[in-house]
Amino acid sequence: MPSSLALTAIIGAPLLGFFMTIVWSRAAAVVASLTSMVVLVAAVFLAVSVSAHGAVLTSLGGWDAPLGIELAADGLSVMFMIVSGAIVLVVGAYAQHEFVHPGTETRSGFAFWPLMLVLLAALNGIFVSRDFFNLYVCFELLTLSAVAMVTLNGKTESITAALRYLLFALLGSILYLLGAVLLYAQFGSLDMGVIGQSVSSSGAEILAAGLMTAGLALKTALFPFHGWLPPAHSGAPPPASAMLSSLVPKASYFITIRLWFDVMPELAGNPLTLALGGLGGAAILYGSLQAIVQTRLKMVVAYSTVAQLGYLFIVFPLAGGDSAAQPWSAGAWTGGMLHALSHALAKSAMFLCAGLFIISARTDDLEALRGIAQTMPMTAFAFTLAAISLLGLPPSGGFIAKYLMLTSAFASGGWIWAFLILAGGLLAALYLYRPVRIMLSLPKQPGQPFKPISRWWQVAPLVLALGAVFLGIGSNEPYALLQIGRPVAAETGL
Amino acid sequence: MIDSLFDLVLCALIIFVAFAAVSGRDLFTAIVFFIVYGLMVAIAWLRLEAIDVALAEAAIGAGLTGVLLLGAYGRFKNIDAARMGSWVPLPVLIVIALAATGLSAAVGVVLIALDPNGLGLIPAVNANIAQSGVFNPVTAVLLNFRAYDTLLESIVLVVALVGVWTLADNSAWGQRVGKTQSVRANGVLQSFGRTLPPIGLMIGIYFVWAGSSQPGGAFQGGTILAAVGLLSAMAGLFPPPRVNDARLRLSVIAGPILFLAVAIAGTAWGGMFVLPADLAYGLILAIEIVLALSIAITLMLLVLGPPEMTETPQ
Amino acid sequence: MITDALTIVLTGTGLIFFVAGTVGLLRFPDTHSRLHALTKADNLGLGLVIAGLMVQVPSPLDAGKLVLVWALAILAAGTTAQLVARSALKKGQSAPDDEGMQ
Amino acid sequence: MMTWASGWLIYGLTGATLIGLGLFGFASHTNLLRRILAFNVVGSGIFLVFGATGFRVPELGADAVPQALIITGIVVALSATALAVSLITRHASLSGSATLPDDDREDR
């Protein structure tokens, strides 16, 4: 009973916060902090409950599926909710300096807080929903709040980026919706559990799953549908970018994983897993090469997201299809999930660092940041830590994730995947070495061109970067938690 | 025989009008055809015995969407003809046409292969409607069986409004929403705007109230109320509200917040969204009424757009 | 049987007016004469269709609703016709004089 | 009440056609308002498919669940359209163009 209460609090609290920040915008920052704390506590409570008693399931309104909507939290959803709650909490604390308006209300000072909270509600809604149509509504909630966040600074480029983002996202939604409709026509249900029990590889199911995957891939910015991501993520204000780049694409990825590993593993044949893995590999190479040639820090970080999202799709050939029944499957799957989580922490840290650099140097032009580490050692350190996790160097979360995926790739004899993982790491070293070297080098001209930034403000990205590292050092707990509710019996991957 | 002939003719017309809306020569023609298209689709819904959907399609799909598109078209007057856009290059066009045809065909094949006796959730709805508190099965699904979806949907509207407002100029924040309207005193529009609201108000409230047992409900009724409000605002009967007006913001979220409160109160009766059978009718009616008002105001504000006025109108 | 015949005659006549109005909309040269054709013919056509339907409905309440539909349509058509005519005048199209209209 | 046994299929196939038509319009125009209009055609096509499959056995009437979800879908589509239209007008007033920048270049 209390755990189903926690399950409802995790969505209800941010929605309540959303309403409060609209009518009481003077206290918005406080409301947002309290709300994300409640969410984090509820998520941790759920984690304890899930690891003690297994997955939590509740039927809303007392109506069981297929008539009603069911929510469920397993190890995977709990891990994603903890990381999202933590990121939103830290980003909210950071944003107090940017979006709090003493005196009269301002446009962005009003809009940021409700958008942030409804984004959190939508994410949590996606992580626990078992109903394909309910997921569609959650995705629309997520999309509209994310698109609105891109426009917060009001610049023409941002409006253009937001429009491009909205068009891609709407196309993704509508393809997904068509898939959900076909599933209902076939099964008379929208519930993952009910559908999963009666999968029969009919034409309706194959078309529906294909449409949903295409729609979700559009929303996850999988290569070659990545075009909207870099301008949108680099055009938003840094606290918004931090959430957009770390969390929003993970939501659609999360449902792709649910679809192919939980609901329809029978349909996940080799053509599909190879195609997804191939696109993921192309994303790694293309995103990394683009990141190398960018001249603005936020663009480097945004293209790095394109590349890092690519890794997530290599999970499909390593853990799905013919690999599903193999001993390395569990390791590859868990590695992919850990990568999604550690990337979320590292990427949000990087965007917050970039935000601080922009405030200090008034630009994110890489050359203009030369020697900024002298003024802001803490932030430069945080950026470097986050870079270590993205590169997959020990002892970070990124290391554990890539290690698991790499060992699975070797075990399966998938040399091409192993090559892509390693090549991606090397390329990441190239595109992250440059900003780090520029930050740490001596300033060109003496004197202080940089505005000093309060220490407290600089704590925020450091906390997130440390989180990414600790996900590696203390990886036993998350590893164990991720296995709970996993459909295929967990193998010891480590 | 005559019945299915009617269906065939209607469907042919719908496809023809949709084609005109998608490929109409100029933008204005396309929008007008889109509105006609929406009305014809509403007739199709009547043929499928989905009267609630027909109402929603006519009011929201054709009406409000059409108003939004026409409003935007009005803003395009200063744009160069050369920058109004055109078709994508021909090779791309061919690929798109092939892909779209392929998808249509695939969906068609899947439909033909479906079990022709598929009942969906009709038996489940019929078995449980007695406990839902209402007699209209669509309202039972919307406000009881799947109330969570409906709550989120009402919040999507509010998020869209926040997003629209975010597009204001920094300097316009705190101003009245929409563009300054100029209306001739005692002109035709103004007298129209005075005559219609009482009738519209009555119809809107009737839809909300009737929703528990007959077709209608908060969304259809709210849309009609929004139209009444828009017409009155256009006729200059009241000035558009200011974006930071506390009462306005409260009225926008009142419906969703009451909905959420009832959902949370359900935990006392056994879980979130649980409505005890004896209280369900009253609670659903209360949610519908307040939600309809909030939806009406939100829809009206969505059409009016972000604050743009530089001065308070006369 | 008689009511059915009445319905067929009334709605049939109404449809003829709709056709006439549509032809006028397509064939007449300027905004004002088009409006004239459209509103006059359509309001009358709708009235006849509604009269044809009214003999079929069971209760006076339903008949009242049909009349309300007609009244609202006339009100809306009249107002929009006025607004369209005024905006056409503003754009510089002059209204044809009365003899020219007949 | 329909007399032809598979009357629902006529509407289902019409919906399928509308989906293709709408997607074609969405991808083939560069004018943003036209693309949003086409997006709404796709949406109503999907809804028509949904509603038609819920009316496969006319003797039992229409399935209420698709009807309710379609109403939800219509409102969600309107919300997205409202945000899109505001973005488009804002974009047009800032840039003087009714298309996205890349498409603008192709036209000239």
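A, B, C and D are the chain letters, set down in written order, and residue numbers restart from 1 in every chain.
Heads up, the rule we're going with is that a residue touches a chain if its C-beta (ideal position, glycine included) is under 8 Å from a C-beta of that chain, and two chains touch if they have at least 3 such contacts.
This structure is a prediction, so every number in the text was calculated from the model and none was measured.
Student: Going by the contact definition up top, give me the pair of chains with the most C-beta pairs touching.
Tutor: Greatest number of C-beta pairs in contact occurs for B-D.
Student: Just the number, please: Cα centre separation of subunit A and subunit B in whole Å.
Tutor: About 31 Å separates the centre of subunit A from that of subunit B.
Student: Taking the mean of the CA coordinates per chain, how far is subunit B from subunit C in Å?
Tutor: Inter-chain centre distance comes to 28 Å.
Student: Distance-wise, how many Å sit between the C-alpha centres of subunit A and subunit C, to the nearest whole number?
Tutor: Spacing between the chain centres: roughly 58 Å.
Student: What residues in subunit D touch two or more of the other chains?
Tutor: Residues 19, 32, 49, 53, 65-66, 69, 72, 76, 79-80, 83, 87-88, 90 of subunit D each touch two or more of the other chains.
Student: For subunit C, write out the residues touching at least two other chains, lowest number first.
Tutor: Residues: none.
Student: Where in subunit B do residues touch two or more other chains at once?
Tutor: Residues 107, 111, 114, 118-121, 125, 145-146, 149, 153, 156, 159-160, 163, 167.
Student: Which chains touch, pair by pair?
Tutor: Touching chain pairs, listed by label, are A-B, A-D, B-C, B-D.
Student: Provide the residue numbers of subunit B that touch subunit A in the complex, in ascending order.
Tutor: 106-107, 109-111, 113-114, 118-121, 124-125, 128, 144-149, 152-153, 155-156, 158-160, 162-163, 165-170, 173-174, 244, 246, 249-250, 252-253, 256-257, 260, 263-264, 266-267, 270-275
Student: Where on subunit A does subunit D make contact in their complex?
Tutor: Where subunit A meets subunit D, its residues are 67, 133, 136-137, 140, 143-144, 147-148, 151, 156, 159-160, 162-164, 166-167, 170-171, 173-174, 177-178, 181-182, 184-185.
Student: Would you mind writing out the residues of subunit D in touch with subunit B in their complex?
Tutor: Per the stated touch rule, the residues are 1-25, 27-34, 36-38, 40-41, 44, 47-49, 51-58, 60-72, 74-83, 85-90, 92-93, 96-99, 103-104, 106-108.
Student: Which part of subunit C faces subunit B closely enough to touch in the complex?
Tutor: Counting only subunit C, the residues touching subunit B are 68, 72, 75-76, 79, 82-83, 86.
Student: Where on subunit D is subunit A touching in the complex?
Tutor: By the definition above, subunit D touches subunit A via 19, 26, 32, 35, 39, 42-43, 46, 49-50, 53, 65-66, 69, 72-73, 76, 79-80, 83-84, 87-88, 90-91, 94-95, 100-101.
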